[in-house]
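There are structures below to look over.
Consider the two complexes below, in which chain A is the common component and chain B and chain C are the respective partners.
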Partner chain A sequence: MKQKAPFIDSLLGFTAVVGLVALYAPLIAVVVLSFFQITRLRGVIGFAPFSLEPYAALVANHEILSALATSLTVATIASLASLVLALMFAFYFVTARRGFGLLMQVMVFLPFLLPPIITGLALLIAFREIDFSRGLATVIIGHVVFIVPVVYRTVLVRLQLLGRSLTEASLDLGASQTQTLVHVILPQMRPALISGLLLAFAISFDETLITLFVAGSETTLPIRLWAMMRVGFVPEINALATLILLFTAAITVAIGLMQRSQGERAS
Partner chain B sequence: MQPLLHLENISKRYGSVRVLDGIDIAVADNEFLTILGPSGSGKTTILRIIGGFESIDGGRLMFDGRDLAAVPINRRPFNTVFQDYALFHHMSVAENIGYGLKVRGRPKAEIATRVADVLETVGLGAFGARYPAQLSGGQRQRVALARAIICEPRMILLDEPLSALDVDLRAQMQRFLKSLQRRLGIAFVFITHDQEEAIALSDRIVVVNHGRIEQEGAPEQLYRRPRTPFIAAFLGENNLLSGVLAAVDGQLGQVDTAAGRLVATADGPLPALGQAVQVAVRPEHITLSPASAATRDALTAEVADIRFLGANILIELTHPALPDTVLKVRRLADGSAADFRTGQKLNLSWAVHDAALLVPGG
Partner chain C sequence: MSAAPTRSDTSSCRRARALVALRHALNLGLPILFVLIPILSFVLVSFWTLQDGQIVRTFTLANYRSFFTEGSYLPVYLSTVWLSLQVTFVNVTLATAIALFIFRRTPRVRFFILMSFMLPLFMSYIIKVYAIRTILGQRGLLNEGLMALGLIDQPIEVLLFSRTAIFVALAVIYLPYAILPIYLALDRIPANYLAASADLGASALQGLRHIVLPLGRPGIAAGAVFTFILTFGDFVTPQMVGGTQGFTFGRIVFSQFGLALNWPLGSALAVILLATTLLAVALAGLTLRREHVR
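Let's look at the complex of A and B:
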């Protein structure tokens, strides 16, 4: 039953609208400005007609393209590696004795909860100490450290939901541990694996702070963007930001769809 | 004769809690053996030990003369029907059933033929292409059974497989299980907390309580000749009267209770005089007569309630010397009980061999 409180209702509605506008206006502005550039003629500010010029400039910009390639490589490798690690941790957690499991839980989550600047700095110092030259490998390691907790969480929840009995049934029917993993456990976890992978990919693709510390001469897309901003604004930035926005939104929608189908399966 | 499966003096601890103590069970070829016990009695732990899902802290587990200690779950020569069925939801019914053959690397054609055979056996001929989510509880149960028997084990384990079904379906599945066991000619080790189910299905019942075997035997034997108050109360209904053993004559013991001296028959060895014992009498074995007819050995009690239960009438009586006990008497509802009324005083009597002398904790 709905209580009548018109004042509170309209206040909540108003706050929500203001909040959404504040959140999305800058994003929408970036998208709009990537198609309609601001012109300044004799001190008068106006808009140029619709143009894809910034996008053309973006495609022609080799530095950006190579940064994009780096980002995609890093995100792909880092998310796959995180998935494998997270699965191993999760399997360990559900079989380990309580104390060890809890300890591991804390150790997995700590890098995610620490300020990224600390994680980045710590990694940088560690790489320096062991004389590990910074490059693609260090960026990937940095991302894995940061992403594993997120994937681990997704995978563990699903694994705990599965319970022991399917594994036991499979073994009981004569399957080996490997056959059980391949034929029973992984297929049952597929939605969680895919959404974990997408989430990892999205986080890795956007990660900036840790990357800054460990990138060396490598340049990922967010770092490229950062570098471009420092030397002055060019229209490509709006175009690039729009593309990243679209890409991230697509992944978010995909994760949402995966989790919904997972929910339907479970019910 | 060597038993098919032999649990020899098995014990099991969780931390400092002893969950199983000196469990000794022999399962014969072709036998329907039920392990019966209330929840927390350790019966599921016994099944999990046989299946290899739990380790043991003492004793030996033998199958067909071979020690199973070093045999992992997936090499044990029998299969399990799990309480929650544990069907693989991403596989069709046929894939579920064929799984045991597939992981053994049998050729596809052979798997298909045998799956079709087993589907027929469990009465699910047309359901091979369906998925578990599209089946009813009873059908899933049959899939779980089919999956367990396809590798033709000499024994299967069933962990409370009927507990999730409603009453009608349960009765139907009981008949099906029993006939399947006879047709296959293999041993069933069946776990349940439902005494009626155990009595209806089993060749033999092992009753477990607090991690120990309370008594074992054929259903009728357990029902007629319980040895402990627990069995007497757990299987069917019983009137239990506490007292002290006062005199012994052969297998007959005289027991002094608060309501007077009663005579009862012991099944096993009699305890020492002066020991606390109980007398158990089934409600259907008690004869009621008007109190005026003073009979030796009869209890006189007052009718507290008369309940009509369809085929039966349950008469509840109270005795002034037994304030915490309601005496129950059952009569067929054939009109002979029509003249009883509340408040009436009646004599209770029974044949001596219908009164069982029980030793608590024995």
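Let's look at the complex of A and C:
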């Protein structure tokens, strides 16, 4: 039971409200403006009545749609590849000699700990040195390098919780290594695999700073948006932003609820 | 009769050994190839120079010399460090208060409050920048709103394309990154520590000052380091809300790979950026260790 401290609590509560307003006000503004466009009559600001025009314009905008397609392709491939790699690294960490495991782990975590600008330009220079031209492949590699640490962490925590007894029991009962992996270990890890995959997809879909370095002429959605915003205001941006916000919010809430139910089962 | 099993033994043994080697090669080779070598190669490029559009591959410290002597590199660097430190200080203060607020709720409510602070973290980065610009912009909602209310008759120029705007935008975007580590540190404090302190007659404020905050210090340090690294390296936010005013160090680095196209110089500046963030990590680690010893 916490001690009562009305003054401190109201001070902290006030800060929390200010924080929430600062975080959400801009997002809500974008959503509202996507339905009610701003109008100016002789310099006086007003709102147009409810309209879905920006959404209609969005559907007709081929540049945005093709960027969206690129983003979905990249995020799908990158998150699946990251999941496979993260699983491989996690098994390596729990089975290989400690020194090797730690060496691998330090290298895997690096791109996530470094500022994205460093990861981005390091990859750019490395690709250039081996004459690997920029395109879809380099974007996917850039995303995988950045995402693997997150998925690896999620998967490793779950793998270490499993312990060795189940694996040993399965091997004792005559199952092969592959059978043990497919029928015993992976099913036990399913929640971690799914939340890792969703997390990876969400991060890849949103990645901007590394992509700007390795993208070349390939345009993902955030890069397209970045280019559009630099030019000036386009009403479709608000509509697109609203849809992306809803989409990412849905993924995030799903991950959150999944990890919560996982935590409850564990405790 | 006896020869056959031995032969298959050695061949399966060789196959097992090949598998082990392949495992090491994959698990250590891939990170070396895609993480270590790129990092080493940009450090290497920083010691080369650009002459007449060609990269000259001889070792020189010329790029590092230009950082100290040429143009506005050093002043921009220092002002960016200062800006990032300000954002870090304000955000860590806010995040500590918010984390404490969540910590003092009942466990049932905690999750939902934490979720609502973490949700924006997963929201699209570029859209957050854009959204903040919508509000702070010269023709943004804040200016227009104040004008409509008759509080001002000219848009306040300070709001967009200024250092203040960059400061606010960075603070809003990176706030969740500070809240999470601090809250996770508080969450690990055993409940009976506080119960004991209350039983011994300490007030809530005393418990906060002498138990919660000291035990939360590793989280606070982590939050500070995250905030500093991310704000210092960000080059899109300053560009989008700062315009020409927002010439931060990260933007200078990025521009060397775009328009200016001087990769060796850009790499050298990036090495300095990296060294600065590593220094921040080391400083945070050092303060924590000193406390442990004491």
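Note that in this section the second predicted complex is superposed on the first by the 260 of 267 C-alpha atoms of A that agree within 3 Å, B and C clash if a C-alpha of one lies under 4 Å from a C-alpha of the other, contacts with A are read in each partner's own complex, and residues count from 1 in each chain.
Basically, a contact is a pair of C-beta atoms (placed from the backbone, for glycine too) under 8 Å apart; a residue touches a chain by one contact, two chains touch by 3 or more.
What you are looking at is a predicted structure, and each value in this text was computed from that prediction instead of being measured.
The superposed arrangement places chain B and chain C next to each other on chain A without a clash. Between chain B and chain C, the partner in contact with more residues of chain A is C. Chain centres taken from Cα atoms put the angle at chain A, between chain B and chain C, at 90 degrees to the nearest 10.
Applying the stated contact rule after C-alpha superposition, one finds that A:A56 touches neither chain B nor chain C. Of the two partner chains, neither chain B nor chain C is touched by A:L102. In the superposition on chain A, contact of A:A48 is made with neither chain B nor chain C. Once chain A of one complex is fitted onto chain A of the other, the partner contacts of A:P187 are limited to chain B, with no touch recorded for chain C.
Of the two partner chains, neither chain B nor chain C is touched by A:V84. Legend: residue contacts after superposition of the two complexes on their common chain; A:A25 is shown touching chain C, with no touch to chain B.
Using the contact criterion defined above for the overlaid structures, shared-chain residue A:Q179 touches chain B, although it does not reach chain C. Per the superposed model, the minimal spacing between any CA atom of chain B and any CA atom of chain C is 9 Å.
Looking at chain A, you'll find no residue that touches chain B in one structure and chain C in the other. Those residues of chain A that touch chain C in the complex are listed here as 1-5, 8-9, 11-13, 15-16, 18-20, 22-27, 29-30, 33, 38, 44-45, 85, 88-89, 92, 96, 100, 103-104, 107-108, 110-111, 113-119, 121-126, 128-129, 141, 144-145, 202, 205-206, 208-209, 212-213, 222, 225-226, 229-230, 237, 241, 244-245, 248-249, 251-253, 256, 260.
In the complex of the two chains, the chain C residues touching chain A come out as 23-24, 26-28, 30-32, 34-39, 41-42, 45, 94, 97-98, 100-102, 104, 111, 113, 115-120, 122-135, 141, 144-145, 147-148, 171-172, 175-176, 179, 194-195, 198, 203-205, 207-208, 229-230, 232-236, 240, 250, 253-254, 257, 263, 266-267, 270, 273-274, 277.
Residues of chain B touching chain A in their complex: 51-53, 72-76, 79-80, 82, 84, 86-90, 99-100, 102-104, 147-148, 151. Contact residues of chain A toward chain B in the complex are 165-166, 168-176, 179, 183-184, 187-188, 190, 265.
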